[in-house]
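What follows is a short report on a single structure.
Note that the chains take the letters A, B, C and D in the order they are written out, and that residue 1 is the start of every chain.
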Amino acid sequence: MSAAGPSQRARPPGGERRAAPLGGDHTTAYAIYVGKRLLQFMLVVFIGINLAFVITHSTPIDPVEQTVATATAFGSTSPEAVEMMRQSLRELYGLGGSPWAQYAVFWKRIAVGDFGPSLSAFPTPVSVLINRALPWTIGLLTVSTLLAWILGNLLGGLAGYYRDSKILRIAGIVAMGVHPIPYYIVAFVFLIVFGYLWPVLPITGGSQMNVQWGWNATFILSVLRHSILPIISLVLVGIGGWFMGMRSLVSNIVTEDYVTYAELAGVNRRRILGAYVMRNALVPQVTGLAMSLGSIFNGAIITEQVFGYPGIGTLLISAVHTGDYSLVIGIASVSIIAVSFCVLVIDLLYPLLDPRVKAT
Amino acid sequence: MFTTARDLFRYNREFRAGILLTGFIVAFAALSFVSPYPPQDTFVVPPDVPPSIAHWFGTTSRGQDVFWQLTFAIRNTMLFGFAVAILSRLISIGVGMWSGYKGGFVDRVLMSINDTFIVIPLFPLLVLFYFVMRDKMSWPLLALAMACLGWSYDARLIRSVAMSLKSREFTQQSVFSGMRTSEIVLQEHLPYVLPIVFYTTMNNMNWSIGLEVTLSVLGFTNIDTPTIGVMIYWANQHTAMVAGIWWWIFFPVLFVVILFIGLFLLAISMNEYIDPRSRLARMGGVRG
Amino acid sequence: MSAAVSPLLDVDRVGMTYAVGGLLRRRGVTAVDDVSLRLESGSPEILAIIGESGSGKTTLARMILNLAKPTAGTIRFRGADVIAIRSIRQRMDFMRQVQPIFQNPFEAFNPLKALDHYLFISARRFAGARGRDDFEARADKALHQVGLSLAEVKGRYPHELSGGQLQRIAIARALVSSPSLIVADEPVSMVDASLRMSIVNLFKALRDELGVSIVYITHDLATAYYISNRVLIMQRGKAVESGDARAVLDNPQHPYSILLKSAVLSPDDAGRPMSRAGSARPPSAHSISNAE
Amino acid sequence: MSAAAPTSAVATSAVPERVLTVRDLRAYYRTKYFGISREVRAVDGVSLHVDRNEIYGLAGESSCGKTTLIKTIVRAIRPPLDVVGGSVTFHFAGRDRDIHALSERELEGIRWRHLSYILQGSMNVLNPVRRVRQSFVDFAHRHIGKPMPEFLHQVESHLSRVRLEPATLDAYPHELSGGMRQRVTIALATVCRPDFIVADEPTTALDVVVQKDVLGMLREVQQEIRSSMILVTHDIGVHANVTDRLGIMYAGRLVEEGRTVDVIRDPRHPYTSHLVTSLPRIGDVTQKRGLDGAPPNLAAPPTGCRFHPRCPLAMAACRVEHPPMVDVAPGHRVACWVTAPPDKPVALQ
């Protein structure tokens, strides 16, 4: 057969394969993708922490004066003691010296992870408090987000593909009905329902007060029982978003050529739904997950506060009420870093789902 | 503009439901102008009276009529939400259109900054903001802060619409018909941008009202001016639930939920328009 | 310069290299490489630029229309350097004389606006028309040049008309400013075969009766043969062969041109086995006609 | 002037085995937008048949209903398309089966085993997130039934028929060029050696050089597995080089049908003759004439013969009633009152 002339793309005739061997092409593209994502992660942390710095250092009120005022409100203390306290507080809050010095101290603290001692729970350092609360929040966050994401995508995908099924349509209306209501209101309603009308589940605290910490069955069981309400309320709010996103994605993908082609080939419908429709619809949903993690995190710490769940949400609110300056900054910084780290992890998993990731 | 609204109302279910619900809330908020009791005054009515003929929604432990107090609360909450939405539109439309039309380096820089604002959790920052402002915190200041933090998600949506419009062939045809850039944006592209702007405005109002309620309930805002969150805050302060004064919390929660669902329905009613294909189908443009 | 008057269009060793790849792996992809062509102003003609997708013919068109800046070489229109156009007035002047025709008629018009909107604006901006009836007169005249009338188009929307009619209106819009050069990028490839010839004949009429020169970009050798005076064949950004249309297409010299011509599937091949080695099976004869 | 009937090199059996019979098929798009209900008669009474080892070409312009026709033939019906009347009967494995009467299970049984499809070579015909091998496994493995390694080996040898290396199976669709993707689709559609292949504009999205190459391979593979095929394209040149018989569609109806060489060399219907003669050819500069008017709006088609508003030979009868299909030569039928009046006796050779 006369050799096909040079085909329309700059490629040798005949074999018509891209120059780089298939394997080699993947790893370099992936390495560059990871590089870009790391850059983005650092940018997020940089801008986030700077925001926290700007907010804290651009205020008319001087936090030191405020703390001194609250401390000296009860009874008289000698002026030297007040001056000495002001001096140590200024140094403690890292507010001494020129703005640049403060900026350097601010960053040093974050790099080391030491935000100085907490005022309200003196002398335990802020980082200890945060490390004690963080696992609760991370646990609550991951479980409820995954549950909402998986359930939402599954139901949304089915509703998009089997458009005439009644139950899915009703599930859709419920999910859409609850979705716009903010986390606080839904948690609050749950609190009222399970607190007063049908007191079956524990409505506050992370675990039974008197239960001994440690990896024993009773403790774990009570932790689970206590986390049921926060998780349900978070899942109920989150599921609507994924449901609608997936349903509209699926109803578009169903008209794509590769789906109609599979249907023409008599591939059975469940396989088409799974390997062709959902598999392709998940790709944008993963990006969606990464982009909405910030707002889900907000929801988690708000819901914690309603149920008195011992995560960093409750810690943050109590820190504000007790005026614990370094604890609030610590929590804000840790939240930014934690969320952007989780987003980085999701971004790095993304190419496993979508092979088209090229170093564009 | 009016005809499209009329068509929308007649044929678009979500839009009709959204208008009815939101309209009801707006009408209710308008009642605040004829309220017999000034909002700040307390103990103008006997406290803790359950809903009755005299006081439809009952009265609070602080001696305020829940019905009239709620009219002020809803009005202030909506005004706040609307202010944040409008302010954040300026930034998201600016960033979205600029990076969508310009493309290239500007687009890359703007979008990487934009993505950071999407990822950063805003609640801790707002709490931090309150913490340092304390009693200096005023509603306009909070609205400004939320607007400066809440524009990024919508900027990306607007950017994608702008980018697709720029590459459409009829844009080139308009350029070569002698239309100036401003004319092209206003006459050719606006009908495509408006639905997405309306969609994001409604969503942003929901977001900002949700956050306002959350911050106020925790007492992190100026708790003198009545808003939905502030009402619930005072109800919690007086442990209304334990004391059995359920109506003090029930009606604010009910009304704000109606508002959320109304705004949300208005937002998703625009979905059909953001995708021009379905708009063409509606105009009978289905080719045989 | 030797020519008494400067050429209508002088494309001199033009090239375009795109930077592709992220920050780390920047590599240049050359879309157009050292292409020259020239249109004299005295004698209107149709120059066909032939090439497959990826040959750079569309990039070349965009550069001539000043929609893209070349990375090498110069483009002069009536002696003035096109790339140096800065001010609004210069740009409007250039656009009055050089008008484009786009490939997809369905995409060339905003589906939400009436068709006459473009004609009126061109009339106002380029033909110095003032007032509504002046616009309509100017638009009607242009529409008649393409075999239509304002009555058929006024208030109609793009989805109400066929591809062929839309492309005629696009040509009419270009004619409103009575340009001296039209750059048409694959103007008939999206139009139905039966209507295609009426548009192609229209281009011939523009050249012969209105003296408009046309740069006609296509991958279809047959229409190029039918209407163009000269052709330029491009392969992967380079001009491989050019010259008089009949001479080049009747017996092409460059191997790529030969390959292109041999790949054209002509209706007259019916019955003859395909020129490829795998000969087509001779048509199966039916012994009994199967009257239905 | 019809060419003398060449004696066929292939010994034809007494009566060529008829694989597909379509009888008076009607399929309309029924849509209801904002209270206005519209009925678009995309396919309005089409009858045709395709014999074994024969390629039947279907030509016609945009919105003439050819794509709707083949969607109805392979029963790829999705609302708002609705089959209103007529039948589509395939002859597979010795039995005649009306595809619209089959149960979902039976349909799944014949799809790809007996009836396969080649889509227009658009960007994403294959699943973008899975390797090419996955499509072969999903589409064909259940029919071929061999253990996986053996099945993959058979697929690899089949790929060589379209000059593709076995490594192509490991590639993702976005890593292949347009030409390669279309050759994969051809291999996919023919790996089960089906009795009937439907090809919808298989090479329209490809460049001229690649198109000729791909069409050659399509023809080669088809002859080797002796399957019948319907090839849909608006490009008369492609029909001239590939198809054995050719049907011309206009506004939802067949207006002319016959052996490709007869229809092109000796077109009888005014629309066909315009289509064929108005095509520009290299080496011919005689003035060509465009057809005036525009393709009819199928929602409100003209009465009688739907071509009459644009037909130079139109007369009174044309405006009233559809002309029936009449034999003007062996295997050559035309639906036109002027060029093929039914009452004139046709000399049967």
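Here, a contact is a pair of C-beta atoms (placed from the backbone, for glycine too) under 8 Å apart; a residue touches a chain by one contact, two chains touch by 3 or more.
Source: prediction; values computed, not measured.
Listed by label, the chains that touch chain A and also chain C are B, D. Between chain C and chain D, the least number of touch steps comes to 1. With A-B and A-D as the two chain pairs, more C-beta contacts join A-B. In whole angstrom, the spacing between the mean C-alpha positions of chain B and chain D is 54. In this assembly, the C-alpha centroid of chain A lies 23 Å from the C-alpha centroid of chain B. If each chain is reduced to the centroid of its CA atoms, chain A and chain D end up 53 Å from each other.
Averaging Cα coordinates per chain places chain B and chain C 49 Å apart.
Of all residues in chain C, those touching 2 or more other chains are 52-53, 259, 263, 276, 278, listed in ascending order. Shared interface positions of chain D, i.e. residues touching 2 or more other chains, are given as 207, 209, 216. Shared interface positions of chain A, i.e. residues touching 2 or more other chains, are given as 1, 5, 8-9.
Those residues of chain B that touch chain C in the complex are listed here as 168-170, 172-180, 187-188, 191-192, 276, 279-280, 283-285, 287.
Those residues of chain A that touch chain D in the complex are listed here as 1, 4-5, 7-9, 11, 14-18, 22, 25, 256-258, 260-268, 271, 275-276, 279-280, 283, 353-356.
Taken in their complex, chain A has these residues touching chain B: 40, 43-44, 47-48, 51-52, 55-56, 59-61, 63, 66, 176-177, 179-185, 188-189, 192, 195-196, 244, 248, 290-291, 293-295, 297-298, 301-302, 305, 316-317, 320, 323, 325, 328-329, 331-332, 335-336, 339-340, 343. Of all residues in chain D, those touching chain C in their complex are 3, 5-10, 12, 15-16, 47, 49, 51, 53-54, 61-62, 207-209, 211-212, 215-216, 219-220, 223, 234-242, 244-245, 259-261, 264-265, 271, 274-276, 278-285, 287-292, 294-295, 325, 327, 329-331, 333, 348-349. Interface residues of chain C facing chain D in the complex, by the touch rule stated above, are 52-53, 161-165, 192-201, 219, 221-223, 225-226, 246, 249-250, 259-271, 274, 276, 278, 280-292.
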